[in-house]
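In order of appearance the chains are A, B, C and D, and numbering begins at 1 in each one.
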């Protein structure tokens, strides 16, 4: 990281970069932490009609503050409808009604495949992670999936310890799989043809070499590499109204 | 029919005979017409805690008057809960929560199998009947099934034109199939061992020969043939408070 | 995202000859106004899907709109036969009608599978019946227990049509009371039309309500009274007398056609139909 | 038919060593009081089933009650790891813990299949993942389309345990807000215990409420505050600070055991536990 003394945190920048990618009216399937932050920021700024769906069954939730858990009371209170967990997965997610699903993970590979199960061997794990949750089906059934993840060689790996979630679906079609990875350095997107994730956007003051060093595979960089505009004061204000600055967030 | 100038109709007698077989607290799956009449009569007399479930999704309905359709508004208004039709069939009926299901039919055979699909050939039907509805699963999944049907050689047949509903499940076990057939002459129940329906109860002033003549197979009669007590004035009063006397009922 | 459009326009734009169309509503909220509009616009060769065909399909079948019926119980509830359905099946009048029939449980599982975008649904049934030979049912084996379970095809109509009590101005729909398979048919169809009693500024939460967000619906069309002779819980009761009268009206081909000509073809919409019917009720035919 | 009995009695009568037990509640209405009672009564060799193991299973696992866990996401929501779960899996402490893990969608389908008494449920998933090799998943072929669909085993616990807002004196239960898989687990289990915030004379209908009739439940036990540190919509909020504090308490084996000894083993019931906790909150350890 070469960003010095930013007026915003890396988490804030990630939330802003992801939020900007949501068009108004997008139906989002969100977990807790950064995804919820990004989707609610979009709702509070350029995309007031974004629809938020939480896997706890809250459809059209409009929280005033960010929930700490996917089942917080405020989600149910502000939702258009609350349905059972079997229904949210069968009728709404598998039913194909979601435009954008958000995921985090412990590891990602160049194809956008994700590991949230174990570090090390499954039977003798070095670190036992929480497991699949909704991730495999979010990536399978949403029109697009956005991954939000800090970029380090430990997380952007050549080979996953465990393939929890298939991310690579070519980046097109009715369920396109992972279509972008928003990191703390920039944005990766699948290359046309191969579908391999390559760097397409960088944050201000970050270089392509920074991103290469933070990646466990040989990272390709798009010819037309763009720079992400820094968060506007309007964006930062909206974001900080949603999230207390000192709040801990651990996905999902 | 040898019953002369009764103080009650055959329909009323059938409703009373079926109602008496319901213990208090029995969970019943009822259709429209005679079954609904019987179950509501039980609720109004000796079994106030009978639970009525309609296939429209009304659980614990407590209608003050008999509904004309299984989806009448009063069922939803007085129900403990209203669930969707897929749920009522999957979780509640197939789920095994029903004690007694009620069925009518156009034809029944000696095993309690039922036809509610066609008279004549399926492809060139003489009479096209309404079809299966909930009948096959009611007989499969309720602990017991009561059939209510007027007894004539046209309905009590040697051979069904079409087997819509398997009634014969031996009359015991978790889902016993048809355990009694309440007719306008008496009651038939499966014989131990063979499971063949035989006459076990007769209404007052009806003879076993009347029942034999009204049956398209050689009807066996139980050694300990009982006589059904005529409706009490309390039963008749309760029944008539539920059903206008001139009301048309066509099952289900 | 639902557009709020007149019913004539919704049917014109969204329902094509030859489509698989499901008009649902389990005894409650039956979309009669939409059925009438299909008849007025003379849709043909439809595959009609519905658990309980009822009067609405008797009319569509008698008017020659359908070539196939997928159903599980086809009667006039509490009254008896659907004479137009029977005439089509027994005498090919006005046209032959292919049947695919299920049990209620099978068809409900098919709708649930359709909403879940599964190719089939599961039901512990059909075994031992003659129905199994006469319908689309398959069998799968449980990989864990070896049990044989019936598979019913998922129901994924081209157009799903339901009636509801209310929508808001954004096109979100709320219905309550007996809710049948309405959610499943809207979520499982490629296109959908929801007719409503009224458009209101806000949908207040209520017990036992089903909410269908605007983004699951293609068109919302106001049709006050549009469930008649069925009912709309909280708005009007079931017209039981009409169901009984239908037995007589529909028994005879000519009388049926005259009635349809006068009440449906010669009326422009549900409001005119209801006005005419009010006259008829004071002086029955 | 539900009997209203104290929780100690319900657990004593209905939960046996070696049972398959599901304590459900998706972030909301988590039956902590019942979990504590299982710990006090020292149940052993349980197969614990739950989509999101959470703190309640961290406690049961750390106290040696479980030999197997069936789950889909095992973390401390919004905080991080479940240290006792990790210690059991990574270091067999206090006992080895067998895992059967699913995706949320797979497990939800398993619960729905359990409630429907089907031997398996269907989900379009698992394909291409390493999970498929590590869990109980099978494959069935659609008889109509030839598509391959994943089959997940039906979840049919010996005992299903949930927490709800209310019951009436007859034992009918009402819960509202986020309802998770509570209906499925009660309907799919051989025996069931529902702990409730309170017993009221009448259950008024409410939006988004789930009603479980008394005849689907084995025991109803009053346990006011019994979801803590989870919440009961309309009664009390989620104790987010406790979830954060749990990260510290549970990180160390001794500190965990001391905490459990003091707060669970040494308290008689949820009322004593809550009283002690209120003291702890004013002077944190």
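The criterion applied here is as follows: a contact is a pair of C-beta atoms (placed from the backbone, for glycine too) under 8 Å apart; a residue touches a chain by one contact, two chains touch by 3 or more.
Predicted, not measured: the structure shown is a model, and the values here were computed from it.
The minimum number of touch steps separating chain A from chain B is 2. Of all chains, A has its CA centroid at the greatest distance from the CA centroid of chain B. Between chain B and chain C, the centres computed from C-alpha atoms are 28 Å apart.
Averaged C-alpha coordinates give centres for chain B and chain D that are 41 Å from one another.
Each of the following residues of chain C touches two or more other chains: 112, 116-118, 124, 183-184, 208, 210.
Each of the following residues of chain B touches two or more other chains: 81, 90, 94. Chain contact topology: the protein chains form a pattern that is neither a line, a ring, a star nor a complete graph. Under the contact rule defined at the top, the touching pairs of chains are A-C, A-D, B-C, B-D, C-D.
Residues of chain C touching chain B in their complex: 26-28, 51-52, 71-75, 77-82, 85-86, 89-90, 101-105, 108-109, 111-112, 123-131, 134, 177-181, 183-184, 208, 210, 231, 233, 237-238, 240, 243-244. Across the complex, chain A meets chain C through its residues 25, 27, 51, 59-60, 80-81, 90-92, 94-97. On chain C, the positions that touch chain A within their shared complex are 1, 112, 115-118, 172, 183-184, 187-188, 203, 210-211, 213, 215-216.
Those residues of chain C whose C-beta lies close enough to touch chain D in the complex are 113, 116-122, 124, 136, 138-145, 147, 149, 151, 153, 205-209. Against chain D, in their complex, chain A makes its touches with residues 32-33, 55-58, 68-73, 75-76, 81-82, 84-86, 89-90, 93-94, 117, 122, 125-137, 140-141, 162-166, 248-250, 252.
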